[in-house]
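Common to both upcoming complexes is chain A, partnered first by chain B, then by chain C.
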Partner chain A sequence: MHSRLCTPADHALSRRRVLGAFAGGAAGLGLGPLVRPAVAEDLKANDKQVLLVWLDGGMSQLESWDPKPNTRFGGPYRAIDTSVPGLRVSELMPKVATRMQHLSVVRSMKTEDPNHSSGVPKILRGHPKNRGVTYPYFGSAVARLMGPGPSGLPPYVWVKPGSGGFVSKHAGFLGAKYGALALGDGKPPNNLLRPDTIDSDADRERNELRELFERRYRRTHRPGWSEANTHVYDVARTLMKNVELFDESKLDPQDVERYGRHHLGRHLLLARRVLEAGVRFVQVTSYGWDTHGDNFNAHARRVPGLDQPLAAVLDDLHDRGMLENVLVVVMAEFGRTPRVNGSVGRDHWPNAWSLATGGCGIVPGQVVGATNDDGTDVAGTPYDIGSLFHTWFHALGIDSRTAEYHNGTQPLPVAHDDMQPIRELLA
Partner chain B sequence: MPTVDEAKPTMPVEPTQVAEVPTDRQIMTARFEPGGRLLVTAGYDGLVRRWDFTGEEPRELEPLAGHHGWIERITFLGDDRLVSADSWGRLRCWSFDPADPAGEWTVAWDHEQAHDGWIRGLDVTPDGTRVVTGGNDRAARVRNAADGKLVRELPNHHEEVHAVALHPDGENVVTADLRGVVVHWSVATGERVRAKIETGLYFEDKSWASPGIRFARFEDDGRTLVVAGSERTATNRTVGHPAVQFYDWATAERTRSLRCSEDVSQGYVFDLAFRDARQLVVVTSGQPGKGQLLVFDLDSLDAEEEESAKPVFQHTKMANCHALAPHPDGRRFVVAATNKRSQGNGAVTDKEGRYLGNSSPLHVWEWPQTP
Partner chain C sequence: MSSARTLGLTLGCATVLLAGSLATAEEPLHVRIDALVAARAEVPLAPPADDAEFCRRVHLDLVGRVPTVVETRTFLADTSADKRTKLVDRLLASAEHPRHLAESLHVELMERRGDDEHWQRFLRSSFERNRPWDDFVRAILKPTPPQTKSDDSDESPAESPDVGAAFFLTSRLVSEGAMAPVDVPGLTRDVGRLLAGVDLQCAQCHDHLTVDDYSQRDFQGLHVVFENVKTVRGDTPGVSEGLMQQSKPFQSVFTGEPMQTGPFVPGGREITIPTFEKGEEYVVAPDRKTRSPGVPRFSPLTELALGLTAPDNDLFAKNAVNRIWFDMLGRGLVEPLDLHHADNPPSHPELLDLLAREFVAHDFDARWLRRELMLTATYQRTSRRPADAKPPPETSYAVALEKRLSAEQLLRSALIVTGPAEATVEQIDARLQDESTAALKKAFLKAFANPPKEPEIDFEPTVAAALTFLNDKTFLRLLEPTDGHLVDRLVKSDDAILADELYLAVLSRLPDDEERAIVTTHLAKHSDDRPNACSQLAWALMSSTEFLVNH
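Coming up: the complex of A and B.
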């Protein structure tokens, strides 16, 4: 059996997703969806990349980026100074505190949705205006707008605990091809390497046969339906050439210690390596931040578990000169309530939360916005996620005011058309 | 387990709630002054709050400031001092006139950085000569109670220390950590004395560990070590069976293991007290709204029943009970619970649009008169 990226069930799912995505007479999967192809060519040429650290469930802003020590809802922890004068973070982040010259914090996030199931996709899609289509997640959008880059590696890699596979649903109306290649627990797709029992000639013959079937299929079906399926084989072939990325025996033991041996440590180390290899967009997900109960014990373990590898990856990107071109985003679907419930937990809080971002021209060391004294509301101008998408696209060289997707005959803005970039974050 | 006077009749077990005193903040701990005239509480506001219990209605006195963050532990030292420990590492000893506990309190000694960060465990010897603390800095420290000077440093625990207990002899300490590991230390040498006790009171998945022990305490003149908390079943949510374990101090063998509820949403035993050698009173807090006051008759529990012990009294109307304070008169006790509907996503506001916090009403209970 030749190498494959997904199980047969995954393929079936992908085909269905493709069918769904193109059911409304959508365009093909070429360069068409951009209104201005010349812009797309420009974008393809740039070498900017993205590292998104997604803290699924919602990290508490009060135990991280926006501490309110000694206030009613401030919790038990202290705030500490950082490398940026006047900027203080929770004592649970001592390592990142000394690297804040690389990051900026937005403390005035005010979003709409307090639920995980609907809030996660809204944030990851930049919550644009509803136009009757399903917008792509950030990773799929960047994959579409900027392409895979010269490495040929899949443009959108998602490192996560649990299972992996090709996750087409992230792509929304762009089509399954722009979905995420999920590396479950940082492992390569199953059966990535060709078994020893199949020599190269046999492998080539098998692929020729597969391509023959694909061509026949393509003659009687819409191109997009088969293209995503072909894409995963192409991705698999590319990954086979880069299989050393997953060889943990080649890791520098000092790197392993610096990043930590826990999920997030191992996964952020892998993220650095795949960014070095040229992957355009890497999302690293950490689960378990939904601390309705025992919030403070949970954050006492989890925030340091973020702090260590985040500091390490900031160091490495900086030392390698990559931070100039790698956009770093650390966020979740919302923060956590100021008030502490009876279960010593904090609940969901989209009203006034924080995220951190840096690299790729984002002005470092900034604190954008503020919350009031007890953290119960934004003081001053609030920002929704749409403003951040404009900001991040701008940092990536995409003019989000003019760039558009083209969904069939329907032009669609890449970010919320009523929102603007945050100028303080852009040089 | 505590020894029992076989001839002593069993005490009536059904207490009655006689009052509910509103508060404006959340409480983590509550203890009566040995004379019984004051209840002292502390919690999320970093204040030591004193409640005059001499009148018909408890009356709050001027709170004592000086701490930061949260105060999770307080304990009385003899009849004229109180030790309080906060989440920023401050350990403070207050002194008061036992003849007038509602009068002026002064600071007897004070360590701003007794620990680097959150002090989770605090205990004193019954004779009031020594104090032990343990904290998130993975250290425990034994101090002279008279002046607060350090007697013994017990550093380098593998995990955060969540509970400590001083043996009545003042020479032996146990620490209980995040992973439910209980370690016996010699104060004289600072060395571990014997094999660790693995209580199993914690939860761990592939990446994270959640603590299960809330406190440890010696009972029965030091013959029994009691640890309590939760048999955790999932991380991040307060999900687990409230549990109490008893150990024979001479052998370190577990002699009794009490699963206080089969309902995993009941979470933790947050506080407990022995009413006499036979009756164990516990308060629990689990998922929001879940909290129980339970009374167990230890004699009536067969070994086979202990895994899921049936209480002789159970009250489920108080939400999320975090502290239990028996009055020295043996007739009353106070439970610090949580207001109803303490949870909720997004902003919860009053009619004027003000953001609402939570509080810990004090529930005053009375035991029935002994026949």
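Coming up: the complex of A and C.
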């Protein structure tokens, strides 16, 4: 295993972690929202990481985690056995089916919002109670609560198709510095590559000079701002040192084949490498799951495109011993209607949908909850996304019922305060 | 509110009497300010900034850029006793000062929401004539009607510079997509925050939980005014108001108790909604054919504008002086800037009272106030503390506090630092307008401006900024040995004076002996590639905090 996370010497709490100033976008040391210091202390030796696979638009639960063959709304696909006795998934995910010993499925998701534009942020924020502030997305929350880890890399990296950059809006009230570093189509951030005119010796020398001048200034001024400035240069240079992450020519051809050459394949492979390099939280987004028309052909194309790289990344994380520390979440803003519409499509369905999660101490091979025979509603206790956030925070070592953000004078719970973790998923 | 105000005034008078032994009321404001700061300091006050430190600070604060090498040398060489006051007065009178204020108030008021040429014209013309702050705010809150080309005949009078003022409202009354309605609560919050120093957001759905002074009624009373406002289409930004005939019901999400309110002025009073005979409600009746919304006889915006800016509205004056104080001194007397309330007292209550009272007495003259602040010993103190000594509390103002530089200040300064030594202000301005600088401008905004809708208060260096300085080719091009530019001059200069040239250009000061030694050593080590060595030195100084902040 070549993750830097496992170099014991690195585990010592670095100064910058105490300062908690880290960011995709920025790293100031100002009066940002503070977490209670006790929480930061608890997380000192915590090297847990997160991989969130986001299926934007909403994957159909019936064509994936909760198949209902031969029922009124079941659709044309069969259910197949998996490596977990009694747990069956859609035949569209044969590879993941043989890796289900690593995952658990929650089939009783019941959330509120059937719209993309408001539903996506609600789910990604864990939909806490309205307190008049904009809550951070999962990645920003983890970046704030857990910090960057010893790698010195930005704690929240977002791999997505399309454009990249430093995305601050995910951070909500936490402030821009907890935003995402978005790698658009897996490409490096702007200005990551050193111009040819500056060789590595010259680069080192100019930075030594900068640090020398910085130290001189700091001797006679308040240290905070100078430390913040030094810090962003450290992060930038750490990113520059990891430039090979973006060099596809360095990839193992076998990996490329196993993950697939499509967006999600390439991006999940990059995600694995980014996690290996020590990034705290990686979100991989796949767009285009909003199958209002031709749902079945679309899923026949798309689900295998998830199946292949998801199976590959589960294998790799397991083989490297990383699955013990990496929380895996596969979800979307909602599922899809059991009823098939006039365009042979399925519409938005927050009422009863599924997600999969595993790793990082999440009890594997579980099926949490169930839907009724037609899949139109949750049978038994439904779970809202807040319960999942509690569950995931617990798996990450954060006591989500006592941990708080401080937004100025306003204490804010990190997850919905009326909800509880799902006990069956926590050992 | 009124009882708090009375209390404030009483306290203010008492303290002036108390400080009377140090300074009498007849003395200029800056003397009285220093006495009040000293009276509360409880720690030793730092000595004055040296001339170089003062010169750079004043330039950045008044004209938004570092001084040129020529300006620094001239100031250092000047031996007259009143040269600091003369410099302040010269910069205040320069054409650069209103330009800088327009830039900086644009960032403060619009928070990177975009721009508009009419708005810029409004800002520039207002600051050029040092428009009183109350009048400026009235223009924003009750904008003049928009102008459309169809109204223009050939001899139409020149466009009033005030038409752009509506951009403050219109830019906040835009829908951001099908699922995001116009953010009227956001506008309500911004007016309270920026113009009255009260962030009422948390009082939208119930009385504020932690601030006793902020009731839900305060928020709702302001909200009704803006709920009634719509943008109108035209060639310039413009708003119209609807007919308001009754107060608006609301209830707390906690108690459910039904309440209602009409327009309510922060720091003022509720405005009574007048009743008119049927048919008398409008000055200009709405017209369906032309889609003209009409002009109601009762204008809550006008009432708000007048009530908020009234000379006896304590909140208004205190917010204004607190923000100017923050701009000049690096920390508000009330912090955060938008949380004025009884349980968050100012660090120097008697000083805030004095500033507010004098500001009103001088007809909200911001130029006069800035000048007085700059003449204080408090402003002119050094930001240096003895090496490795513990910094005194910020609230003491015992040592000058560092201030954030905007992307605009940094870009302008970077061009001055790296460009030709003899470049005039006009040449720098021309370069900034030039197409060839567009990419650099964009890079600086990306690197040093906050995302939209966020105030720019503290120095918040970003990874993007570091990467820009490290690797951005348009930036690094500034440090190439172009003929007559900084690096070229350094390459050609004598080793004995090179360090002086470098430090004067980049940091607007002379180096000390240790710094001269650093420069000499670096040059000696790279005698085979002098251009590169010079470029590295300039780069390292520019990427250090000493260049990136105002100190």
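As a convention for this text, the second predicted complex is superposed on the first by the 353 of 427 C-alpha atoms of A that agree within 3 Å, B and C clash if a C-alpha of one lies under 4 Å from a C-alpha of the other, contacts with A are read in each partner's own complex, and residues count from 1 in each chain.
Going forward, a residue touches a chain if its C-beta (ideal position, glycine included) is under 8 Å from a C-beta of that chain, and two chains touch if they have at least 3 such contacts.
All of these numbers come straight from a predicted model, not from anything done at the bench.
Chemist: In the overlaid three-chain picture, which partner chain does A:V235 touch, first (chain B) or second (chain C), both, or neither?
Modeler: The second partner, chain C, only.
Chemist: Just chain B (first), just chain C (second), both, or neither: which does A:N115 touch?
Modeler: Once the two structures are laid over each other on A, A:N115 reaches both partners.
Chemist: What is the contact status of A:P195 with respect to chain B (first) and chain C (second): first, second, both, or neither?
Modeler: A:P195: touches chain C, not chain B.
Chemist: Which of the two partners, first being chain B and second being chain C, lies in contact with A:E214: first, second, both, or neither?
Modeler: second
Chemist: Tell me which touches more residues of chain A here: chain C or chain B.
Modeler: C
Chemist: Just to be sure I read the superposition right, which of the two partners does A:A300 touch: chain B = first, chain C = second, or both, or neither?
Modeler: So A:A300 only meets chain B here.
Chemist: With both complexes overlaid on chain A, does A:Y156 touch chain B (first), chain C (second), both or neither?
Modeler: Neither partner.
Chemist: Contact-wise, after the overlay, does A:S343 reach chain B, chain C, both or neither (first, second, both, neither)?
Modeler: first
Chemist: Do chain B and chain C touch any of the same residues on chain A, and if so, which?
Modeler: 115
Chemist: Could you pull out which chain A residues touch chain B in their complex?
Modeler: 57, 69-70, 72-78, 91, 114-115, 161, 262-264, 288-294, 297-298, 300-302, 305, 337-345, 347-351, 374, 376-377
Chemist: Given the complex with chain A, which residues does chain C contribute to the contact?
Modeler: 177-180, 201-202, 204-205, 209-210, 336, 339, 383-388, 391, 401-402, 446, 450-451, 454, 457-468, 470-473, 476, 514-515, 518, 522, 532, 536-537, 539-541, 543-546, 548-549, 551
Chemist: Once bound in the complex, which stretches of chain B touch chain A?
Modeler: 25-26, 44-46, 68-70, 72, 87-88, 117-118, 136, 160, 205-211, 235-239, 267, 285-291, 319-320, 337-339, 342-348, 355-358
Chemist: Note which residues of chain A are touching chain C in the complex, please.
Modeler: 23-28, 30-31, 115, 117-118, 130, 132, 154, 165-166, 168-169, 175-177, 181, 189-195, 197-198, 202-203, 205-207, 209-210, 212-214, 216-222, 225-226, 228-229, 231-233, 235-237, 239-240, 408-410
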